[in-house]
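The structures considered in this document are given below.
Across the two complexes that follow, chain A remains constant while its partner is chain B and subsequently chain C.
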Partner chain A sequence: MNKIGMPRGLFYYYYYPLYKTFFSDLDARVILSQKTTRITIDQGIDAAVDETCFPIKVYFGHVKELCRYDLDYLFVPRLVSIEPRSYICPKFMGVPDMLRASIDNLPPLIDITVDLSRSDRVYKDQLFKTGKLFTKKTGRIKDAYEHGKQELAYCQAIAAQGYTMAEAIDIWQGEDIEQQLNGSLRIGVLGHGYSLYDEAISMNIISRLRQMGCTVVLPEALSLEEIEQEAATMPKRIFWTLGRKMVGSALKMEKMADIDGIIYVACFGCGPDSFIGEIIERKVSDKAYMLIIIDEHTGEGGLVTRLEAFCDMLKRRRRHKIEDYISAYG
Partner chain B sequence: MSYYLGVDIGSVSSNFVLIDELSNVLEKIYMRTEGNPVKAVKQGYKELMEKMNGKVSIQGVGTTGSGRHLADIILGADVVKNEITAHAVAASFFHPDARTIIEIGGQDSKMIILQDAIVSDFAMNTVCAAGTGSFLDQQASRLNILIQDFGPAALKSKQPVRIAGRCGVFAESDMIHKQQMGYPLEDILMGLCEALVRNYLNNVGKGKKIESPVIFQGGVAANAGLKRAFEKILQMEIKVPPYHDVMGAVGAAILAREYIEEHQCASVFKGDSFITEGQFNSSSFECQGCPNMCEVVCIRRDKEALAYWGDRCKRWETSIGHKEVG
Partner chain C sequence: MKITYPHMGNAHIAINAMLENLKLEVIPPPPISKKTFELGVKHCPEFACMPLKINLGNFIEALDLGADTILMAGGWGPCRFGYYAQVERDILEDLGFDFEMVILEAPDSRVSELFQQLQALGQNVSIWEAFKALKFAWYKLQVVEKLERSFAYIHPRAADKNRVEDIYDKGLLELERAQDKSDIDEAGSKNLDRLNQMVLTGKKPLKIGLVGEIYTVLEPMANYSIARCLGRLNVEVDNSIYISDWLNDHLLGSLVKKSHQKHLVKCARPYLNYSVGGHGLETVGSTVDYARKKYDGVIQVGPLTCMPEIVAQSVLSSVSKEEDIPCMTLYFDEHAGTAGIQTRLEAFTDMLKRKKTLTALTH
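Showing the complex of A and B:
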């Protein structure tokens, strides 16, 4: 049986169920790297070019871990675009090349190009060729891909109930995770999934908020149409897929009466985020908004202080509003 | 008489205040943390008690600042609060009409926007600590002047020089350049003040509407040069409150008083002998439980472990009956 390694990083959080199903259906065994640890981070920083963003460095760490196993292939798709007329950050395009240049003894890479900006012809073609590595029957490849898409949709439906994508994937794989939706504050948390849902990169921001008594609302819980509708109100179309989703989600959340505040988690070295974080700050005027920038530092004090202060502010504000109401009408 | 103790353990300074039940400040201590918060807590407490001749019964304790959890372990705090909330509470107590609070401390700078004495927005410097107290400290010592003389010297300037304030490293090289060209010291100092103010407004104050009355607090507010620079650039009057250097501690004390009064409960304050008699020390180790290898800190009093933290999985933290911090 063929063994395929998959790093638990970057688009793992958006697409893992799809490719895991795809390869499993073709009788390959998918080996996933462990959750990010200190060692992953250290190895990644060591191996990666230092101009890249933190999540890419962490991804390198995951690849390093997988190199230790006896793999037949390593699956690192070259992501260019995942939908028409939109793009993923250019650094993603170079990931397979950067890996080849900086890591020795890599297993053979399956680096299919995912570029759906104009059509899905090339992508389907490459996926098909990939399938041919494992089976001769074209029908099976097609079925495996269709099955993968179904599983992905199922996993996304789990996330829509208020789980992070990381939790949704765990649930999809049979784990039992309790829903945490009864916080006294409802806070919208935005950010690129690969930084937000990796507990080591985001320094656990979501569980911290939950522990502070907040219900966290994530973009995955909003409907795609509504997000796109809101994003379309921008004077110029944002051509970064994730950036547009974030702006759309923020604008949508601003209109949701039950959301108390919005937090955007950005990575220090992220080019698109340096625009998107700003745009959201300027657009969201009706709700409390906080931009949190994360990077390699492990000092959690600054993060905790900001989160606490943000929650305190929202709680005190709300109490104040209630008092106002009583004095005016009571 | 009921007294409440407020403690603010910051990166550069540690502050202690005692307030009465009307939140009047009775006594304050401002001292340097000098990299040793444990010693600072103990010593500050001792000094405060000596000033009060030991005749006080403490009804409640509040801690804040980046060392708030540490102070909580040593003193036993009823309220452990972040410094933004503490500063806002103190400022709105002294100036109920305040709209904007500028707070510059040792490692961080904040802007707090108040509306009807409630925080409506705040911002804090991001990863970079350029333009905070520790940078001023460093520059003062490089120029061989006492930090206390920094402000008065800067005020003598008639023509401040232009210094890049975007980054502490750039600012320093600019200053050295200007100094070697022969510009007078006071003009360089005032130039630095203005650079820091511009940096603060561009970084922390970005997109915020600054409305008067503006309150300037934190250790750096003692620097008259910065106050003047803020006034010049904002074209507004800037007020520096009487206890500007210990406002965090005042806020913590007020929060403790509110908490005790609201809950009608006894303080968890550990008392004189616990604080002054034992030997507190801390040690750290790398946990080998999993590949995360968290750096765990242990705080001990004599041989007894009081608290652990720093572990992501909380296996150490929860190994002691330690109350929830927040």
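Showing the complex of A and C:
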């Protein structure tokens, strides 16, 4: 049986069920790297150049962990674009080349290009070529991919109930996770899935908020049409998929009366977020908004203090609702 | 309508010429200074790349001088430049400026669309006049770049470097003022002759290729005049990119001259196999190209957190090993410590010199 390694990073949080099902149906065994630890992070920092963003460094760490296993292939797709007229980010487009230049003894890479900006022909072609590594029957490849898409939709439906994508994937794999939806505050938390849902990268921000008695509302719980509708109010279409989703979600959350405040989690050095954080800050004027920028530093105390202060402020605001409006600036 | 535009290297000479011939009143932003940086840094998002900050500083200074229209280029990513104009407009509006923003978009590198946008911008100009304006600006740009190339050749070789810099700076000013073709020809050939008459030291200079993000390569204020620093260290610097190349490849659809692009894409393989936006692929391709042309070294420059250049930088380590060419990466932001840059440049050139002598001795 062929063994395929998949790093638990970047688009794991958006597409794992799809490709896991795809490869499993083709009788390959998918080996996932462990959850991010300090060792993963340190290995990633060693391998990647200093200037790359934190999630990419973590991804490198996961790849290094997988290199230790006896793998037949390593699945590291080149994500260019997952929808028409949009991109992810230049770094995602260069990931396989960056890995080849930075890490020795890589297993053979399956680095299919996912580029749906103009058409899905090239992507389908490459998918079939990948499938051909494991089976000769084109019908089976097609079925496996369709099955994968179904599983992904199922997993997204779980996330829509208020789970993070990481939790949704765990539930999809059969784990039992209890949901906490009875918090006194409702806080919208935005950010790229691969930094927000990786507990090591985001320093547990979501569970910390839940422990403080907040219900966390994530973009996955909003309907895609509404997000796109809100994002379309921008004078120029935002050409980063995740960036557009975040702006749309923020604008939508601003209009949702039951949401008390919005937190945006960005990574230091993230190109699109340096603009998106700014755009949201300028557009969202009716709700308290906090931008948190994280990197590989480990001072959790600072983060906790900021979260507590933010929650305290929101609670005060609720108590003094008679005044109707208190400026977010103090 | 009083129109202004952002600075980028010597581009203002050509842009000015074009806009004036479209019968527009032009208010060029003052030359980039410390104040420009300060204004940009104050109002831009902290982690935005440096060109955005300089652009914004340019605009604020020009609007203060009375400009009411801003001419800016657009784009469709994935590099952040494509969204510059939007962010800049939001910031300036929030600052209370009253202005119009004209954004030139060339969606599929179609020269006809660009041309229409230019004509629409002009004040009652015919198609013929618009065409002439564009052609005149292009001609001026060619002469400016001839002077740039000649300067890059003479500067490291000349004994009196101050005089070379002086001729070059004055030559650019004369070209900027030139009103018609004969003026341009006269200013061009006079200053080229002056450069060619300089006394040379006769020593063979080291040759370094300058690659990276276009704005940082072309704008001396964005790279601490790295080319001049190197010239003074007797190093010949070859720019991997000129404005005319970029215009030709991206806006004019390679109509005007043969594109170098395909060759660079080929060179970049197998190190980088996909365009990563901005100039990432060109950076890698040019580095390989310089290595094969037996240059002594390559310096990559870019603004801090520039996404395409980070990808290129990650790959350059293996290019450097496989193609046997020393590479150094310098990122720039608004901090102003020139001594650090100078030291690194000196160390790099010393190392290249050593390497050259050692290989000469062993052969």
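The working rule: the second predicted complex is superposed on the first by the 321 of 330 C-alpha atoms of A that agree within 3 Å, B and C clash if a C-alpha of one lies under 4 Å from a C-alpha of the other, contacts with A are read in each partner's own complex, and residues count from 1 in each chain.
Just so we're on the same page, a contact is a pair of C-beta atoms (placed from the backbone, for glycine too) under 8 Å apart; a residue touches a chain by one contact, two chains touch by 3 or more.
Keep in mind that what you see is a predicted model, and the values were worked out from it rather than measured.
Asks: Let me test your reading of the model: by the given contact rule, A:Glu308 touches which partner, first (chain B), second (chain C), both or neither?
Replies: In the superposition, A:Glu308 contacts chain B only.
Asks: So, A:Met98: does it touch chain B (first), chain C (second), both, or neither?
Replies: In the superposition, A:Met98 contacts chain C only.
Asks: A:Pro90 contacts which: chain B (first), chain C (second), both, neither?
Replies: So A:Pro90 only meets chain C here.
Asks: Tell me which of chain B and chain C touches more residues of chain A.
Replies: So, of the two partners, C touches more residues of chain A.
Asks: A:Phe268 in the overlay: touching chain B, chain C, both, or neither? Say first, second, both or neither.
Replies: A:Phe268 sits against chain B and chain C alike.
Asks: So, A:Met256: does it touch chain B (first), chain C (second), both, or neither?
Replies: neither
Asks: Pick one for A:Ile279: touches chain B only (first), chain C only (second), both, or neither.
Replies: second
Asks: For A:Arg78, using the defined touch cut-off, is the partner it touches chain B, chain C, both, or neither? Pick first, second, both or neither.
Replies: Once the two structures are laid over each other on A, A:Arg78 reaches chain C alone.
Asks: Considering only the touch criterion stated at the top, classify A:Leu32 as touching first (chain B), second (chain C), both, or neither.
Replies: neither
Asks: Using the superposition described at the top, list the residues of chain A that contact chain B and also contact chain C.
Replies: After superposing on chain A, chain A residues 268, 282, 293 contact both chain B and chain C.
Asks: Within their complex, state which residues of chain A touch chain C.
Replies: So the residues of chain A in touch with chain C come to 48-49, 51-52, 78, 80, 85-91, 93-94, 96-98, 100-102, 113, 234-236, 238-240, 268-275, 277-279, 282, 293.
Asks: Spell out the part of chain C that touches chain A in their complex, as residue ranges.
Replies: 45-49, 74, 76-80, 82-83, 85-87, 89-90, 94, 271-278, 280, 304-308, 310-318, 331
Asks: Across the complex, what residues on chain B touch chain A?
Replies: 66, 81-85, 108, 116, 118-122, 124, 126-127, 207, 290-295, 312, 326
Asks: Within their complex, state which residues of chain A touch chain B.
Replies: Checking each residue of chain A against chain B gives 34, 37-40, 199-200, 204, 212, 268, 281-282, 288, 293, 295, 297-298, 301-302, 304-306, 308-309, 312-313, 316-317, 320.
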